[in-house]
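Chain lettering (A, B and C) follows the sequence in which the chains are written, and residue indices restart at 1 in each chain.
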Amino acid sequence: MRQLKIALFAAVASCALTLPAAAADGEKFDGYTLRVKLIGGAQYEPLYTLIPQWEKATGAKVEVISRKSHFELDREMKQDIASGNIDYCAFSSHTNFAPQYAVMNQPLDDLIAADTIAGFAPLVISHATVNGELMSLPRHSDVSNLFYVKSLYEDADNKARFKAEYGYDLAPPETWAQASDQAVFFTAPPNRYGTHFAGKDEGIAGRFYEMLVAEGGALFDDDWNPTFNSEAGVRALNWFVDLYSKKAVPAGTTNYVWDDLGLGFATGNVAFDLDWAGWAAFFNGADSKIGGNVGVALAPKGSSGKRTGWSGSHSFSITKQCDNKPAAASFITFLTGHDAQMLEARTGLLPTRVKVWDDARAEFTAKGDSFMVEVFDVWGQSMAEHAFTPPLIPEWGEIANALWPKLQAAILGDMSSQAALDEAADEVREVMEDAGYL
Amino acid sequence: MTRFRRYARDHAVPLALLSPAVLVILLVVLLPLLFSFYTSFSNYRLIRPDSLWDWVGFRNYARVLGDGDFWSAFGRTVLFLTVALNLEMLLGLGLALMVNRITWGQRTMRTIMMFPMMFSPILVGFQFKYLFNDTIGLVNNALQSLGLASEPIPFLVDRWLAFAAISFAEIWMSTSIFAILILAGLFAMPKDPIEAARVDGCSNWQVFRHITLPFLMPFIYIAMTIRSLDVARAYDIVDVMTGGGPAGRTELLWTLIARTAYDDARMGRANAMAYFSILLSIFFTWFFFRKLMAARRHLGAF
Amino acid sequence: MSRAMKDRLIWAVTFLVMLIICLPGLWVVLSAFRTNGEILTKPAVWIPQNLTLDNFRAIFGLGENVLAIPVGSYFLNSLVISVTSTVLAVVIGMSGGYAFARHRFPGKSGAFLWLMLSRTVPGIALSLPLFILWSWIGLIDTKLGVIVVYTAINVPFTVWLTEGFFRQVPRDLSEAAQIDGCTPWQAFWKVEFPLARSGIASAGIFAFLTSWNEYALASQLTRSTDSKTLPVGLMDFTAQFTIDWAGMCAMAVIIIIPALILTFLVQKHLIAGLTFGGVKG
């Protein structure tokens, strides 16, 4: 732990020069040690370099007792719930997973001032609300839009050949059907594929879910009967199946998760990539083979005319067992404050405070970074108009786990889309029955 | 009660000597197993601690038995164990015979032979995940550079290649254990019968087949028993390499249990499955242990 | 072909085979000195362009990385946990092995088999119930908690190896020593123990390697720098959405080297220990 703190301290020494000191509103928790569990990772940790500022302002100490990826943290917290061993105050959460932690999650309505909450985007606050109670303060949001390799789309030869073959102009896809055409068109293995997708775990389940919605389907009816094995469901799944059978995606895509996608696109292996904005600065930067050659566009529409927009927000919560809730509340308010969000926004993470959207965009404009301005415009529109979450129930994880092996089976051609979805629907029904919905 | 007391009095010394071993195993193995045995009859979910008292009888077992995914994972696990253990044995035997013939620098060579044993299973998983990656993996890059393949080979996706890949990783990690145990056997081997056989004009193969191999059998069985004790270590490898996917093509009992238990948080059902995996492990160990005992008796008659 | 030539040829062939076997492992070691951009890329960079110690610097917090991995604490935890549990397992196992080898009591062979079978329970089946039990007792995230578990895991195997060894030592020796005025304990310590030493050494090295490399249980039972071991620490490199493979390799080198040195030092005993321990008798 000591080395961690030294490293944090060393890092903040350099940050402090560039950042205005965050204004703490005078609360003091002298001598108190706040125990927290935080999500780790290159995109998440720069924020934690601000923690010493909060420590200085309040006189409290922060002890980070866990720092790992969200999936690992999720496992760990479920075990904490099972054993009743909750000896920490604040934790990193995610709006789509938060309902699982209901047993230990302290509602925030009485702890966070109303005018603080008013600074957040209403849609994001509604995503963080379960059964009418605010469960967490959103830190940054996640929604996927399109990154594409500009030069491929601007190449005159490509344009002419595409028009001849498909009968319409080559431009970033407006519908998923066009995306499919273009993926096939750009494929030239082994060095380039049209696109790729997260093919396992919650990744493919979520991708299927947003396609299902864009095709006009739904996971459940109003009584929680699974309905995704509908025609819309088959159409949604077939989009993935077709691309895979036409070899327009790398064969290994069924094993890919987010880091594989990010690295793959940055290596220039694919023509377009549906991804979150957190990669934006990396894609267009010096470490990427397509730096300076990246375009962005809104996620395409499904056949219902609705765009895909599977969304959620990383957030911070407080435990019910916390022995100093005001301190924890002050801590998570600080980490989701204006300055903190500006720090994250600079790398492309989507802010949850309305004002930060404007300020960050203004800062990019002032710096002449037109790419990041464009990213903020596209993702901003997406968050405002097209974002939706999976059902905010504790069973989302189990539903995703029932879905994805079957989705893979269809994608790999082991069974038909209809059969795969039917089997998944049976499993999901069992999950819902056991949980008392049916 | 008096019978027990008499037994305890008559055998006080061995019981006292054994008690630490028994106690620590009771605490670490038996007690948790009793708890998980109870939960396998409940609708226990981690995120709902109260559900521990939600008794569902044999429902978990009935569902597991009726689950096709479970049985295909079960069958695949048996196949995986059979393939891995046998290949490890053959390769280990070959390695041991080679190292045994070396006269110079053998100590260094033995250490090199044990190199893979130094790797944590989780590390082995990552290592082969990247070696076998379809776009940036070393194996695919090498094949394409050498002109042996024009398209990337999806080692971790194709039904049989993926199975071969996880078996390969497991074999890579554990062949050393066989090699070192069989080498120990070769060292212990009396030289006289071999020389006598050579005088009688036996060929190398005949010597190996009729003298060396029978002598080595107990060592091979002991290696099999030792390996079957902790085959479940392969869980770490498979979990990292493929997580049991895609589409359950590399799903072993252990990955299925882990996902049901931790990601789904359905402990009751996971524990019901765990009991099948325990029975499977016990069977493999018991099988080799009996072979070992038989071979020991045979050796005694040598 | 002369005999010397033949020996050399066999040596060369064996060396080549070993090299091929070690290649995947050597790739890991080499990757520890390269950058992520060079290892995982397409087209592949076959000849390392620049070897660097940056990955090690980053681990020890000397680089410009955001957060250092507390590798020092992990190393210390691993060392304390592995050594303590190995010593405990050897002592407890030896005591049990001695009981099986020297004493007759009803139910002996059954007890022996059950002891073995306790080791077959897969870690994954054990980890959750163990976790809940340990958190009730308060052993989660403590070195003691992991030590107790590893001791239990290693005891069956040490019982087995040492049992074979004590059976090799003639009973008369101990009896003779006792007639000469030794207590049973002195007789054991001065006469029987030295003869069984290499069996104990090989049981020890197996126990140590098991503890040193174990992941499945440790990943559940440890939480923080108070108890996290090196293999669990490897997962620090797989943060959300990014995997630092080069950093992981550097850490792997740190894990492998002590194990390799130890194995090299004791492997003479290892061979001798395995020869007599399990099979004869």
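To be clear about the criterion, contacts are C-beta pairs under 8 Å (C-beta built on N, C-alpha and C of every residue); 3 or more make two chains touch, one makes a residue touch a chain.
Keep in mind that what you see is a predicted model, and the values were worked out from it rather than measured.
S.K.: Among the other chains, which touch chain A and chain C together?
M.R.: Looking at chain C and chain A together, the chains touching each of them are B.
S.K.: Between B-C and A-B, which chain pair is linked by the larger number of C-beta contacts?
M.R.: Higher C-beta contact count between the two pairs: B-C.
S.K.: If we define chain centres by averaging CA atoms, which chain lands farthest from chain B? Would you check?
M.R.: Between chain B and the rest, the longest centre separation is with A.
S.K.: List the centre-to-centre spacing of chain A and chain B in whole Å, with centres computed as mean CA coordinates.
M.R.: Averaging C-alpha atoms per chain gives centres 38 Å apart.
S.K.: Cα centroid separation between chain B and chain C, in whole Å?
M.R.: Using C-alpha averages as centres, the distance is 16 Å.
S.K.: Two-or-more-chain contact residues of chain C, please, as numbers and ranges.
M.R.: 40-42, 128, 132, 235
S.K.: What parts of chain A, by residue number, touch at least two of the other chains?
M.R.: Expected reply: 79, 82, 84, 263, 267, 269.
S.K.: For chain B, give me the residues that contact two or more of the other chains.
M.R.: Residue numbers touching two or more other chains: 133, 135-136, 262, 267.
S.K.: Along chain C, where are the residues that touch chain B in the complex?
M.R.: Of all residues in chain C, those touching chain B are 7, 10-11, 13-15, 17-18, 21-22, 24-25, 27-28, 39-44, 46, 92-93, 95-96, 98-100, 102-103, 105-106, 111, 113, 115-126, 128-130, 132-133, 148-149, 151-153, 155-157, 159, 209-210, 212-216, 230-231, 234-235, 245, 248, 252, 255-256, 259-260, 263-264, 267-268, 270-276, 278-281.
S.K.: Residue numbers of chain A touching chain C in their complex, please.
M.R.: 1-4, 6-8, 10-11, 39-46, 48-49, 65-70, 72, 76, 79, 82-85, 191, 258-259, 262-263, 267, 269, 278, 287
S.K.: Per the contact definition, I'd like the list of chain B residues that touch chain C in the complex.
M.R.: Of all residues in chain B, those touching chain C are 7, 10-11, 13-15, 17-18, 20-22, 24-25, 27-33, 35-36, 39, 95, 98-99, 101-105, 107, 109-123, 126-128, 130-131, 133, 135-136, 138, 141-142, 145, 172, 175, 180-181, 183-185, 187-188, 218-219, 222, 225-226, 228-230, 232-233, 235-236, 254, 257-258, 261-262, 267, 270-271, 274-275, 277-278, 281-282, 284-286, 289, 296, 299.
S.K.: Mind pulling up the chain C residues that touch chain A in the complex?
M.R.: 37, 40-42, 61, 65-68, 70, 72-73, 128, 131-132, 135-136, 140, 220, 223-225, 235-236, 238-243
S.K.: What residues on chain A touch chain B, complex-wise?
M.R.: 75, 78-79, 81-82, 84, 100-103, 189-190, 199-201, 250-252, 254-255, 263-264, 267, 269, 394, 397-398, 401, 404-406, 408-409, 411-412, 414, 430, 434
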